[in-house]
Amino acid sequence: MDPVVWFFALGLAAGLAKSDLRMPPAIYDLLSMVLLLTIGLKGGVELARAPLAGLIPQVIAVLAMGFVLPFLLFPAARLFGRVSRADAASLAAHYGSVSVATFAVGVAFLVDRNVAYDSQLPLFLVLLEVPAIVVGILLARRVAAAQRWGKLLHEIFLGKSIVLLVGGLLIGWLAGPDGISSLEPFFFDLFKGVLALFLLEMGLIAATQAKALRDNGVFLVLFGVLVPLPMATIGALVGWMIGLSPGGTTLLAVLAGSASYIAAPAAIRVAVPEANPTLSLTASLGVTFPFNIFFGIPAYFKIAGLLHGGGG
Amino acid sequence: MPDDSRKLVTIVTEAALEHEVCGELEDLGAAGYTVSNARGKGSRGVRDAGWSSSSNVRIEVICGDDVANRIEQHLRRKYYDHYAMIIFESDVRVFRPDKFF
Amino acid sequence: MPDDSRKLVTIVTEAALEHEVCGELEDLGAAGYTVSNARGKGSRGVRDAGWSSSSNVRIEVICGDDVANRIEQHLRRKYYDHYAMIIFESDVRVFRPDKFF
Amino acid sequence: MPDDSRKLVTIVTEAALEHEVCGELEDLGAAGYTVSNARGKGSRGVRDAGWSSSSNVRIEVICGDDVANRIEQHLRRKYYDHYAMIIFESDVRVFRPDKFF
Amino acid sequence: MDPVVWFFALGLAAGLAKSDLRMPPAIYDLLSMVLLLTIGLKGGVELARAPLAGLIPQVIAVLAMGFVLPFLLFPAARLFGRVSRADAASLAAHYGSVSVATFAVGVAFLVDRNVAYDSQLPLFLVLLEVPAIVVGILLARRVAAAQRWGKLLHEIFLGKSIVLLVGGLLIGWLAGPDGISSLEPFFFDLFKGVLALFLLEMGLIAATQAKALRDNGVFLVLFGVLVPLPMATIGALVGWMIGLSPGGTTLLAVLAGSASYIAAPAAIRVAVPEANPTLSLTASLGVTFPFNIFFGIPAYFKIAGLLHGGGG
Amino acid sequence: MDPVVWFFALGLAAGLAKSDLRMPPAIYDLLSMVLLLTIGLKGGVELARAPLAGLIPQVIAVLAMGFVLPFLLFPAARLFGRVSRADAASLAAHYGSVSVATFAVGVAFLVDRNVAYDSQLPLFLVLLEVPAIVVGILLARRVAAAQRWGKLLHEIFLGKSIVLLVGGLLIGWLAGPDGISSLEPFFFDLFKGVLALFLLEMGLIAATQAKALRDNGVFLVLFGVLVPLPMATIGALVGWMIGLSPGGTTLLAVLAGSASYIAAPAAIRVAVPEANPTLSLTASLGVTFPFNIFFGIPAYFKIAGLLHGGGG
């Protein structure tokens, strides 16, 4: 087990035991900014190193997956959990979108095992963040409130995470491997340490979801544990079909299997106010996130290995 | 001096609404507003500053009776059903009354 | 309309007491509370936010007369002698009065 | 009980003035003050906490009528023309009145 | 002189000269979190490297020292300083407990001189934090208020510093030297820099104690300067007797000679409200802490050297 | 182009597009503290390495330049911009003083090109910060309000930036190259990364000046773009005359051509309240800062090269 995930466990334990350990919001913001920039820069540098010919079809396939996934998730939540239309749409948006922290743990997992991954994965991370949110909003309100779409899309596309990811990608791509070398000590060498602190805070936050988990009972746990695997399998299949390496396939599976807990909650809160924000956040942060970093990622790595004809 | 008395309207609500609400306050005729970060507990549970999207802001507006009423009507109609929000109002005396409608 | 008037009780005290005091507020019948960070100076000297254990918090509770009295009695008895703390109370008008006891 | 009523003077102004204003409050007879960070908008435009020199502070003083008047006179004369500042006053009831002049 | 202690001097000078230099509380929290985790991780990795057979008797000896020291400190404060019972108990709790920052400066001192220290020292740091606080509270109130002990112990044991130290120890121990290597750039390489910034802030805080120092006169200075040396000597003797290396003996002396300014003040404030918090904090932070980092640590290193038969 | 300046562009773009990206004030404070300490430490270490004989005449020349520049700037602003006496004095103070961030980008520029610079430059940075502010205040009020000078000078000299720069210089000088080595991973290796994040925030702040720029029209842009070059040329000439290396000459030109946006605004706000703070800040931060990091620094490097008889 990668030691960074123990930091999540430490935060979770401290939170559940009602320790007074707390991370100031400013530090959370700093850590998440650095993580987003690091992922973007890393991807940009790689893109600069080996510019990609066949990128367009891959982009189309990934975007298509981003639009299709919520249509599978919505009826699942409706039938399976008997939640309201708004809540089902919210869950579809959260689970169709992606989690940057899970992606970062996935990257750390591959780096530890010296498994390379395709340079366009951070780009796919960006591409997958938005479509599910848009579909989720449509599912909730049937295109109503059209007057607010402009504002909403502005908020989603210019949200912090996309700006930093895309900005990092561009800067990494413009600067290239040489240009970026003086930034490496900060952004690349510290990556695991920054991720460790970030996961500590994620554990503390996840612990605050415990009460909601108790209240909303079995549904959330089941949804949060059962949904990732099929989603990730779809992601792995798409990755394999568009010709990603085993590492890249793993990461696309991680993206598909992960649930957003930053961009989606913020957008859905504004666009679908009647959805209960605790429901989706608890499932995403309190169940699926820990499930993925402890069990999901190794499993998706296995699946990718099987698809690529190895033993994982 | 009746003309230096105003209403102080205080709104405690979700941090995510700060931008939107402040824009609306201006549209409704407020000459200004003051915002600070807060955390708290209410009918919608604990809202703690640990994570910005789950924390609160505390918005204060000094304004005349009319604007105060308009603000309260608007916020109540638009946000009370689905968002964590409280509004309360008190009487204050201001200096340089020309700054506040 | 007398039924939408409430008391706003504001407590400024040591940050270390936040958790304890807020728990007691609920026990005493408050439906909610709002907390923000503060610094200041009073009879117990300067309390500055530079170091959390020496800074203040500012706690606001909106409640009815009874609860307000109970809160004030309790805090005064338990904390006034040994802790940096001030309490003050003012009259406010609330919207959605059913949210506040 | 008339002797537990005091004035609450609230000042919202530029963060850069915190040190200076708080010193003057004491000179003018305030027994204490409470400060918190704020941001806002007024006649002098948006003042946002993103960068400390362009953000606001919110200073509260509880004091008697005389001190309140002196504070307001002084601040108005010294700062109103050139600095972002608002002052407002309300009536509060305090506990342990001996702590406040 | 290690350059990190000059940062303390810089902060102190800036504070005394009323500079507007200030460190945001969030940064203080970040730095102290990283220091605590680093010390824990370092200890855990070392424990994993050379698992210890004879740890149990050492643990017992160190715990015993932790319970005994406040019983020496309490009468000293009563007689010597003529302070109230509550204040004497508070001083006993502060000086019987330990200071993480002083320990960190001690570690930096040894590292600079290439002196190794036993891997269990971070564990001893944890063990010594609590007993003196408990004894101090007992000395103040004679077991009264028994109904609050549960809550109090919860607060002490689940306080931030113990959670992070123990968490770091566990993670370091679970991960071992190899697992931790990707965390080294963040937690180990930056250690001295983080400590330097932390000490800068400590200097700024110590400067705020200056007024209290002037007011409470000679007693605080004398207590703060005279107490550490005998305490540290006891610590060194215990370290020598339980078979620590010269480096480990030095650090146990540092622990015994240092005074808590985080865990003890918080706990005593709640449990012994009639104690004057300024008194203990000023002695601990304004006098003993600078004394130790400038003069104490080199002296304790000498003492450990003498005990181990060298010239220091 | 050095990739760090792209971070400024990213922040500017995000701010102008009204992204919700924001850096918490605490992080801004941390980054600027680290930058100031780094610049100071670097200079101190270099001073320790090669103690300078002829420093005194150089110091006098640089101080003289600091006092003279605002006397050139004041009439320029009066005539050229037809602004009030107070505003012209404020502009003279801002542009006569220096910008630490611009200096840091200049250092990064030279490091990238392996161009050495004289070790006394950080000292000159300190020396140039204050004189123009004092002259600006004098120009505004003709020595009135003499009773407040003591307080004012205290505020300027004990402002955060001077304390940290001088403190860093002293610590670096006391510790020397060997003593400082354990601080290098934090303060030196991370320098570019810290600068990148800082510039990101600078871009966000500069974007908030856009409205003021539109309102105050052409004057601010022209002033902010046209003033740096002649100022920097004077700086380069002085540097060349006092015998600095090409790198040092470049950096003295950068200092002369840069405008303060921290020390000067704070001091002028208090001492010359009738000056419009938005005017000077917008010119300094919204126009001159980006102009310098994108175009100015390379140009000043060319000028220094020409003076030193090379082709740049």
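Before moving on, here are some points about what is shown:
A, B, C, D, E and F label the chains in the order they appear, each numbered from 1.
As a working rule, a residue touches a chain if its C-beta (ideal position, glycine included) is under 8 Å from a C-beta of that chain, and two chains touch if they have at least 3 such contacts.
Being a predicted model, the structure only gives us computed values, none of them experimental.
Hopping across touching chains, the smallest step count from chain D to chain E is 2. The greatest centre-to-centre distance from chain D, using averaged C-alpha positions, is reached by A. A count of contacting C-beta pairs for A-B and for A-F identifies A-F as the more extensively joined pair. Computed centre separation for the pair chain C/chain F is 46 angstrom, with centres defined by C-alpha atoms.
Chain C and chain E have CA centres that are 35 Å apart. In whole angstrom, the spacing between the mean C-alpha positions of chain C and chain D is 20. Residue positions of chain C touching 2 or more other chains: 36-37, 90. Counting partners per residue, chain E has 20, 22-27, 29-30, 185, 190 as the residues that reach two or more other chains.
Per the contact rule defined earlier, chains pair up in contact as A-B, A-E, A-F, B-C, B-D, C-D, C-E, D-F, E-F. Of all the residues in chain F, the ones that touch chain E in their complex are 24-26, 29-30, 33-34, 154-155, 158-160, 163-164, 167, 170-171, 174-175, 179-180, 182-183, 185-187, 190. For chain C in complex with chain E, the residues that touch the partner chain are 14, 16, 20, 45-46, 48-55, 81-83. The residues of chain C lying in touch with chain D in their complex are 10, 12, 36-43, 56, 58, 72, 76, 80, 86-90. Remark: chain F residues 22-23, 25, 28-29, 204-205, 208, 262, 265-266, 269-270, 273-274, 278 touch chain D in the complex.
Interface residues of chain B facing chain D in the complex, by the touch rule stated above, are 6, 8, 22, 26, 31-37, 62, 90-96, 99.
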